[in-house]
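Two complexes are shown next, each including subunit A; its partner changes from subunit B in the first to subunit C in the second.
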Partner chain A sequence: MKPDEQREPVHLRGLSADDPHLQPASAHPERAEAVIAVTLFLGLLGVAGFGACYWVNAAPWTLGATLGGGLTFLGIGMAAWGKYLMPRGPFVEERHSLAATDEDRDALAGAIVQRGGTLLKRRKLIGGLLGGGLGVFSVVAIFPLLRSLGPLPKGTLFHTDWKKGSYVVDQTGRRVSVGDLAVGSVMTVYPEGAQDTDRGQAVDATVLVRLSNEDFTTQRGRETWAPMGYVAYSKICTHLGCPVGLYEQQLQLLVCPCHQSMFNVTNGAIPQFGPAPRPLPQLPMYIDASGFLRSQRGYDQPIGPGFWERS
Partner chain B sequence: MSDVAVTKRSQRRALGPYGRVGKTINELDERLGIAKGGRSFLDKVYPDHWSFLLGEIALYSFIVILATGVFLTFYYTPSQALVTYHGSYLPLDGQKMTEAYFSSVNLSFAVRGGLLMRQMHHWACDIFVGAIVVHMARVFFTGAFRKPRELNWTIGLTLLILAIVNGFLGYSLPDDLVSGTGIRIAYSIIESIPLVGSYLAFWIFGGNYPGNGVFQRFYVAHVLLVPLIMIGLVSAHMFLMFRQKHTQFDGGGRTEDNVVGKPFFPVFMAKTTGYLLIITGVIALLSAFAQVNPIWQFGPYEAARISYAVQPDWYMGFLDGALRIWPSWTFHSFGHTIPFEVFIPAVLLPGVIFNLAFAWPALERRFTHDDEFHNLLDRPSNRPKRTAAGAALLAFLFMLFVASSTDVLANFFHVSLNTVLIAMRVLVVATPFIAYLVTYKICKELQAVHNAGRRKTANIVSRTPAGEYVATPSPLYPDDRHDKLEPTPVPDFISTGSPEVTESGVRTVER
Partner chain C sequence: MTRPVLSRLGATAFVALLGAAPVLALATNAHAAGKPPYQTTRKNSGTPNSSQVVTNSQGQVISYGNRAITYANPSPALAQLGRALFLENCATCHGTEANGVPASGTAGAYPDLVGLGTATIDFWVESGRMPAANPRAVEAVRRVPRLTHDQALAIAAWINSLSPAYPAIPTVHLQGANVSDGATLFALNCAACHTIEGTGDALAFSTFSPSMRHVPATQVAEAIRTGPGNMPRFTGNLSDFQVRDIVKYVTTEIEHPRNPGGFGLGGLGPVAEGFVGLALGVGLLALVGFWVGERQ
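Up next, the complex of A and B:
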């Protein structure tokens, strides 16, 4: 490369300065410039104001207002500068085909097919071994990535922590006794010891509804499940596992706020409305000699939404 | 010591005709060879049309997301460890919560500018996904996805999916009551996949719900894994657009073989940088005045609790709506359960929709037998079937979106939930057909009207002193100033013809 002093200024195709393509797009450039100047000044004030607001730790909305206002004005000014004061054009650029000639393409294809083909044909054994090795690797490499991520489901989806004789406790761990709920009211309960655990919250959570003062039968075969009107259902919706958190007292419906599945508490939580496919599993209760509520046994089926292994 | 006096003028001469800029370019070009490419980069012509700005909204809100997101990572802790809150937001005082929720509340209230950054991050994301959808609609309806741009359509669609996934991941991170429920639903959706569902769910979440260390995983995916892929794809998207050049609408000297517009430097650069500032500014203004995702009001997540009448971010709405209105059909036999009530609306349906979108360019080529290159865009009304199909799909998705607020609609209109449910089922099925027919008809009508869509000049009617009304004759269509000039190539230099100029393009001022 030549030293700079010896370089001649190049003469290329050009436009004379008074060419209409180079005139500003605005019909009144001075007016446009004044407006843009005001806009940019407002923008400057805005971003400076942002600095000031930040400095004095002003309310968050002032930070947003000054930053947003400042940037918006700066942006409008800049875009307007480009739109109104810069050459109006239009300018044209040729669009050339990106494709190469047929010879070039054939050369590439030939290189791949012929060179590669002869390579593989001559060395079938090691080619196959290398391919096999990489293939096996690509499969086994997934194993640690996937398998280390978590345990296998095994039986965990099928069982809860409700056991034979589990004490029913509330959120704070206090045992629930027979006089705790008025007829028509509802509470969320857990098996004793699980109320503070993630699993207790997400899997064992159970809704206890008191429907009457006498033993209540929701379905045939469940005559002893609801002593003194205490009916217990899994709180985990059978649709997508949201907690069935709403109780419509007059209609005696448990409602899931996520997708509006409704379960009738009087007939075994059969879904009355919404996308839930199954009743909420019912937990058989009994009242022990001291008046505490306890579970006769665990749930007789997996709680929550459906999955492949569930029968 | 040289006996040549070092003057300002001699220094300037030594720098060559273009001064320091020229010197820098010499140095860079010697090493990297940037001169030729750099020149054609500056000269690259960008066509003008408002609809081409939609993709820029997506790009620039993505930049805002990245910038604000980096800020948030400094203060967020992805941990499920329990802490007790004693911060500046008194309603939560003394509550037990995870560190994830604690740090999210804290970065909103205790970190200066934190709330603004969090709101900007959330708003920018909502706008990002929206801009992608609208941009895709533009590309679809104008046929910009046709040969040679099918690959870029695929990349863009992948970006949309990644944006939705990452939006959901980010929405989950604060561990508030609303997002926690969202994670629970996501778990159940994964669980619903036949054969592998429970294994997948266990591996993604590290166990039975609520899993083990899920925030750690979501966090790494949200701030590293997915953004990295997205940045790569955005770069590829831009590179392909740059290499294949912009599409443009017909007219004003525009042909299949040229691009007519403004050069990158300085016109497009000024406009697009201004646009970046405007978009950032508008996001900041929205964040200042419109509250989004107030996690401190929702409270910390507890698996056994739930909030009422909450919707996910808008881009998840169609899935939620589908889950709400799909009937409770399930399958259990042979000792197995396939939760069709979840699997069909939440897995199969989005799968079918996105695969249809991926396949569309190939499908259209197959049906139209059109294997030509297309650099000129279609007017949507000239492609009535495609336009009607797009309108039908958008109508379908929109109705699913509306269906995600059945409970709110029932409350608002004082009708039963059952009525709303049945109405939504009917609307979701019927609206696409109606949209197809109506759009098709409108397109056909527009085709029949000459110059439909062109702006006409106003009729100027004036009253004479005598009280007579006279219409000033004017052309039917205003002459666009730009149309009067023939497009010219971007000039290599501009000759001012001024006597001061001694060398072309360089003005030497003696001091």
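Up next, the complex of A and C:
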């Protein structure tokens, strides 16, 4: 038997029945057929078993095993059938020309221009109605874009739930007091009431770091923002909004796990490395008479990544 | 290990006699040494409050804590041995008075150890990070400890005798710990750096967070309370009971991952998993394709 490459490709039409091209690929077709029969039988058993297992609510792994095994054996049988029992070939069959004749094309163009024009002139009413309908639809199609994409964010992108005097709480709602963190400690905090809401997690999450035992100034103009060394920054990365949760206390860096933006906590979270375009906004804190940490006011700028309306 | 009721009663009575004076004296002492004091007001946070403290006749704190974690200082009698061991193993970098040496490398490379508390010293020595294999390395790596447990305690005892401070060495009582709460707290506080599988990961500027596997319970608690290296320390924001839950989670679920999918692949995440998916999955498909398409 000659390998494929050495046999001449022939036209299928007009081949005699005993042509070697029409012989099965296998040298022992009956043996191949027996093997394929066994494979297909196993496949049949598999899918039938799947039906049975499904019917009796058997364990999930039996469903997977019977369905997967059955389909695998059926597939192997099909592939082997094509590989060993189909005529050996190779055959060629030239494709006929797909283009229409020139006369046909001219006739079609003429028919569209002449008869179409005549028809439209004769049916002005429905032609106009159709055009009007499509025109109105093209305008109306814009409506879903305006309303069904959800409510407009309005001010929610600009403001968080941090207000003047908001209590600082941990994820369980416990108020944080001035003695809670040692220098070098970090925790994630929320404004009281927002700690167990989706919006609280997505927007209000704030990293509270204690840098010192004394008031800490991160930038000029922020002298009162970090009483007793309690510095608070938005936890939402200004790049793509990941939680900036990795605090390295010797390097004094907050690291974003997604794209390795690094913010220096001592100088107002100015990005030191990575794709973040802006510093993390700092939340001004104060300590009230009972020793609880509270926010002087909300963030002075939108938190998180940029958006169109952000100036 | 729960201390018998009688001894706890005795301790309470003893403390009632002595009052809180020694504790206050210690705090003042630490402050006088120019160290940031452990300012935590919350109970059960690694620092003692007066009702928990057991002191010896010289007013030195022996132990404090609760049924979640007991913090104990090594015996002050070990201090003399500790000084000898310190001079032999540590003084080259940290100085003969343990107050650090200005380093000609990274800032703070040879830090002042005075007033750090026994848990800090014990963690670094017993995890094998100190004495450092390479003192100029960006970050000390965990390895087989060079000093024994008793030697580590002795060094801690001597350094603590210079300026007593907290926290002392924790013993975590894992009975009754809540693994589920531990998992939540781990995800909230630890997973950012150590990854949710606890395998550790790269951080900024050649630093890294180490793997949490094969770390003894005491060292996990020490790390949480003292914040070694770049790790933040967790004091008032985690109670002893919460630390116990985390330690339980780390020493059981992180230590023995269940891998319900079959292969954990080291818990390294999408890179390792994607590689295996491509190599095995696509490779297998390619082989099947070759078999189907090949003709004789």
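To be clear about the criterion, the second predicted complex is superposed on the first by the 222 of 311 C-alpha atoms of A that agree within 3 Å, B and C clash if a C-alpha of one lies under 4 Å from a C-alpha of the other, contacts with A are read in each partner's own complex, and residues count from 1 in each chain.
Criterion: contacts are C-beta pairs under 8 Å (C-beta built on N, C-alpha and C of every residue); 3 or more make two chains touch, one makes a residue touch a chain.
Computed from a predicted structure; not experimentally measured.
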Subunit B versus subunit C as contact partner of A:Glu103, first or second or both or neither: neither
First, second, both or neither for A:Asp180, with subunit B first and subunit C second: second
Residue contacts with subunit A in the superposition, subunit B compared against subunit C: B
Partner chain(s) touched by A:Asp300 [first = subunit B, second = subunit C, both, neither]: neither
Subunit B versus subunit C as contact partner of A:Ala79, first or second or both or neither: both
Touching partner for A:Glu30 - first (subunit B), second (subunit C), both, neither: neither
Touching partner for A:Gln250 - first (subunit B), second (subunit C), both, neither: second
Touching partner for A:Leu71 - first (subunit B), second (subunit C), both, neither: first
Partner chain(s) touched by A:Pro20 [first = subunit B, second = subunit C, both, neither]: first
On subunit A, positions contacted by subunit B and by subunit C: 1, 4, 25, 79, 82-83, 88-89, 171, 188, 243, 245-246, 257, 260, 273
Interface residues, subunit A side, partner subunit B - complex: 1, 4-5, 7, 9-22, 25, 54, 57, 60-65, 67-83, 86-95, 98, 146-147, 149-153, 156-157, 171, 188, 190, 198-199, 201-203, 205, 235, 239-243, 245-246, 257-261, 271, 273-278, 304-311
Residues of subunit A that touch subunit C when the two form their complex: 1, 3-4, 25, 79, 82-83, 88-89, 170-171, 176-188, 209, 212-213, 243, 245-251, 253, 255, 257, 260, 262, 273, 291
Touching residues on subunit C, where the partner in the complex is subunit A: 36-42, 108, 188-189, 192-193, 203-205, 207, 227, 229-237, 291-292, 294-296
